[in-house]
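Order as written gives the chain letters A, B, C, D, E and F; numbering starts at 1 within each chain.
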Amino acid sequence: MQGTLALAMDNLTSPIILFFVLGVIAAFARSDLSIPEAIAKGLSIYLLFAIGFKGGASVASHGVDGTLALSLLAGLVLSFALPVIAYALLKGMTRLSVTDAAAVAGHYGSISIVTFVAASSVATTAGLSPEGYMVAVAAVMEAPAILSALWIIARSSPASAEMEEGLIREILLNGSIVLLVGSFLIGWITGDEGLTLIEPFIVAPFQGVLCLFLLDMGLVAGRGLREARSVLTPGLFAFGVIMPLIGSVTGLGAGLLIGLSTGGVLLLMTLAASASYIAVPAAMRVALPEANPSIYLTLSLGVTFPFNLTLGIPLYLAVAQTLTGG
Amino acid sequence: MQTHKAKRVEIVIEAVMEERLSTALIKAGVTGFTVLPVISGSGRSGHWSGEGQVSRVGGMVSVNCIVRPDRVDALLDAAFGVVERHIGVVSVMDCEVLRAERF
Amino acid sequence: MQTHKAKRVEIVIEAVMEERLSTALIKAGVTGFTVLPVISGSGRSGHWSGEGQVSRVGGMVSVNCIVRPDRVDALLDAAFGVVERHIGVVSVMDCEVLRAERF
Amino acid sequence: MQTHKAKRVEIVIEAVMEERLSTALIKAGVTGFTVLPVISGSGRSGHWSGEGQVSRVGGMVSVNCIVRPDRVDALLDAAFGVVERHIGVVSVMDCEVLRAERF
Amino acid sequence: MQGTLALAMDNLTSPIILFFVLGVIAAFARSDLSIPEAIAKGLSIYLLFAIGFKGGASVASHGVDGTLALSLLAGLVLSFALPVIAYALLKGMTRLSVTDAAAVAGHYGSISIVTFVAASSVATTAGLSPEGYMVAVAAVMEAPAILSALWIIARSSPASAEMEEGLIREILLNGSIVLLVGSFLIGWITGDEGLTLIEPFIVAPFQGVLCLFLLDMGLVAGRGLREARSVLTPGLFAFGVIMPLIGSVTGLGAGLLIGLSTGGVLLLMTLAASASYIAVPAAMRVALPEANPSIYLTLSLGVTFPFNLTLGIPLYLAVAQTLTGG
Amino acid sequence: MQGTLALAMDNLTSPIILFFVLGVIAAFARSDLSIPEAIAKGLSIYLLFAIGFKGGASVASHGVDGTLALSLLAGLVLSFALPVIAYALLKGMTRLSVTDAAAVAGHYGSISIVTFVAASSVATTAGLSPEGYMVAVAAVMEAPAILSALWIIARSSPASAEMEEGLIREILLNGSIVLLVGSFLIGWITGDEGLTLIEPFIVAPFQGVLCLFLLDMGLVAGRGLREARSVLTPGLFAFGVIMPLIGSVTGLGAGLLIGLSTGGVLLLMTLAASASYIAVPAAMRVALPEANPSIYLTLSLGVTFPFNLTLGIPLYLAVAQTLTGG
């Protein structure tokens, strides 16, 4: 327990969290500090590229066991199921309209890749080596939640969410999924040889790039919070903290069932606990334009993301270590 | 220099809807348009800015089409079909163009 | 398609003044506007370009507002108050809009 | 607020031709213009997009000039000389400006 | 021979080629994956900066022999001459108009710096150390082909291609030439000392950056192919494969004549075989606006570039090794 | 003395200076070489991030002594005082209007962070280890000079410079100050542990990134000089060289008084000698729009910056070494 606290403290004073905080503070203080849009996109491309490739290369060197398929399946199921839980919770805890609640729910079935990256760092620091294919699980979990959200809507008001042609393709071929999966496969195919070649680019500078990216996320989250503070009712705020806990428990259950390593359980918990802020919002703007984007963006980026980053991940780690004996 | 009357339609629309808009325009027989980036904006749905954004959510673009006056209704119908449920602004101005054979 | 008369005001202004301009517009009751980036320009104060610039000095933006005709004077007063001592250009065009209830 | 009649000329032209256009404009006595970036477009020569492009080929810019009405012909002649063999669009709109002494 | 095949296979499964393929696939599948324009330009600036500097530093440490001047001269001659060959071939194999044929021809006298970089990597992997000044040869070959193309046009329709004032300056002071030559000279001047200083920036991460750049090129090439498939007649396609082979033979002849090392011969073959997709297209838009850009861009980026990358370079290497005994 | 000359020569042929020169030449030759705005901003963010963090980490490992507070105070005083000296000098040496002279004066009280970085490199090469908190001194010196300039104006024409509400906040929360101070504090808090994590990102590639950034500055400075050559009267030009010398003497005095190390004295001299080209110009456009920006930008970026980079810093080093016996 004391170890957990120390770890949480350590985590809270890690550079990546402090840079996120710096961004939030700068945004609240209305500093004109900002990262150009192209640079922010470039950083995010770098992260997806690096994390996908490293995951693939790790699969290449550790081999694939039967749990790979099971993990992918678990990811699919969680991504489909979590929005249903989230929706029920939202209906109980908040006064959101059906549309808004479904839109928010969709975000919580999907994942945040930066949260995943942060958890991977924590895992490595704690001496764990999660399964490399967890990256593929992350990719698999991006999209199904969107379908769940649309299905929830379709049940309650069939007219408003007719599935537009092209949307499914758009969701599945979303740029971040393609880059993540593509890099994963290339990492797998080229294995150690490939990794050796590009390691100095994707491994050594990774944490530094991550800091800059989190600074940007802090700026965006802070600006969002500043402008949309009013949408954050106590009920919504509570949901933004409780839902990741519930998600993490489902991830824990799945991870233990499958028999993942301690690190793998931590990552699956984190994936289930995290909320999307790229793929799902974009799909929601297309499919559910009536849903208010400031609600789901503020909740996902302004509440759940920092919660996972600061308190969630150390907690999930402690639980994973205790229950797997790792 | 000889100029010809035309209409200039400007559609400010969410970036995620851009492809749907151009598809609709082309279907409506509008084959010429120019897309300009937008860095921030303000409207009934509040204020937004592209700064530091990784996703295209909230980002907008400005699509400009110059058409012969008799085509403007088809264009507006097509555009309206796409923006109807979405945030965004459609405006029409009179203009004159060189090289009318192009429109 | 039913359209409504409106005015489109375009203000090309220094990027450093953008926030002051939007504050002034909002104060004047103009809540809708779209900001477009500008890459270079030329005027009485010479030529400038954003290429390779780290600071926002010299950089400009183009702020476009569509308003109901009766609001244009308030808008121009507000805009003029901000650009008065600064470089920049303010122009007004007639236009027609869909969804007039938005303006 | 006192405004003055003017013309707003918008020239969408290939980025590689921008410098030639501004030289021609300045030669024609047009010293004020603003250049906006364009992210994609469609026309008789097909569709193009700047995404991921390293070269300026295919990229376009939108050059906007506000001039006194009596200068618009000289401007159009100059612009036409540059765009003649090239893809691109030239349009002219009526507008009103503040601070007429600037144009 | 078996060695060559193995090498070709190795090459085909190198990360850089797989990322190019990923880009092409993503574009064909109409994924919204894209690299922001500013980032793509940034990556290209990095590559020119790094390759120019390393070339110069290598000249500084290995010294200059008489072949430097000869190599530059050979580059000049090849760049001037290859468009003439290409034009004749195009007139025989396709029905392109004079203007289009001349414009395409110009691209094949000039060079593609990424193809050059890929060949350099292959050379290094094969244990060769090409002459550092080949970078300067690459720079020298960028522009003359444009003049050749304009001369071809001028001969057949004197009116249409009057040499506009300013164009020559523009061609010679093209950004990529200036950056490449400038970095080369600075690398030469500052030598080992300079290299030590910036080596961690330009050497270690190079391959990783190259992967991202090739992903971008794949996206752009794929989008071009998707939209301009119709211009690619069988004759044009065949030209896009045959011309690099012819080019490589001229490069081979020149390289053997001059007495370049095996690596140097490989690079000169590759330069002669490659087609421009930055400097020449830009010049053609200015000087020959009537030529259809989708023809030359699709051919250069969508056919010849991937051909060289995948099959061409291993072939040129095998030939160079056999004939130089390297 | 000979050592100084050798060092100056060494400095003149360092890659960063040569890349600056390359940029100036390219701009004068009207090459279309250019760094996209977003990339230039990205490079500048990287530099502020890296330099701030390293400064903080160095404070964490070397501890704080009493001179920290004194140095910050000295920075404040210099930044407030230097514009007054600069203004007097300008009034004597040039025919600038009150507004233009005050605007220029403001730039010389503030600092140029790239000049600071260049001096830090020179210090390291010379085997010195300046106090890490000099970064904080740099941050502290950014803003006060702006207030001085406005005060100078207010004295001579009270109407024209009424202090607009919001301006002070804007100046103090300027993006570069926030990033520099934030990174400094995070470096300090996370100390060696944090540094180890992100060192491969902020230390090894630093000089290479700096080269690219200086190339960009050369391009911008060259373009400015080309277009605004006419504003550069001999008097102004002389001011652009003499004022940094005067500034460096005030920095020297302060550094010796405080008892900084040789490296610290060098950096304080450099800070006092350098002129702002980011924070102050932006503030001046808002507060003194009547002042002609080509005057202050051309002088700061086109004259004083290259002077400090090439001749100034080696001179300040020689003086600092002689007078501190370092």
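One rule holds for everything that comes next: a residue touches a chain if its C-beta (ideal position, glycine included) is under 8 Å from a C-beta of that chain, and two chains touch if they have at least 3 such contacts.
All values reported here derive from a predicted model rather than from experimental measurement.
Shared contact partners of chain A and chain D, listed by label: B, E.
Separation of chain A from chain C in touch steps, taking the shortest path, is 2. Counting C-beta pairs in contact across A-B and across A-E shows that the higher total falls to A-E. The chain with its C-alpha centre at the largest distance from the centre of chain D is A.
Note: the chain lying farthest from chain B is F, by mean C-alpha position. In this assembly, the C-alpha centroid of chain C lies 18 Å from the C-alpha centroid of chain D. For this pair, chain D with chain E, the centres built from the Cα atoms lie 34 Å apart. Chain geometry summary: the mean Cα position of chain C and that of chain E are 45 Å apart. Under the contact definition stated at the top, the residues of chain D that touch 2 or more other chains are 36-37, 93-94.
In chain F, the residues that touch at least two other chains are 34-39, 41-42, 204-205.
Pairwise chain contacts present here: A-B, A-E, A-F, B-C, B-D, C-D, C-F, D-E, E-F [touch as defined]. In the complex of the two chains, the chain F residues touching chain E come out as 13-15, 18-19, 22, 25-26, 29-39, 42, 204-209, 211-212, 215.
Chain F contributes residues 34-37, 40-41, 44, 166, 216, 219-220, 223, 227-228, 277-279, 281-282, 285-286, 289-290, 292-294, 297 to its touches with chain C in the complex. Chain contact summary for the complex, chain D toward chain E: residues 14, 16-17, 20, 45-47, 49-58, 85-87. The part of chain F that touches chain A in the complex is made up of residues 36-39, 41-42, 45-46, 49, 53, 169-170, 173-176, 178-179, 182-183, 186, 189-190, 194, 197-198, 200-202, 204-205. Interface residues of chain B facing chain C in the complex, by the touch rule stated above, are 12, 36-44, 60, 62, 73, 76-77, 79-80, 89-94.
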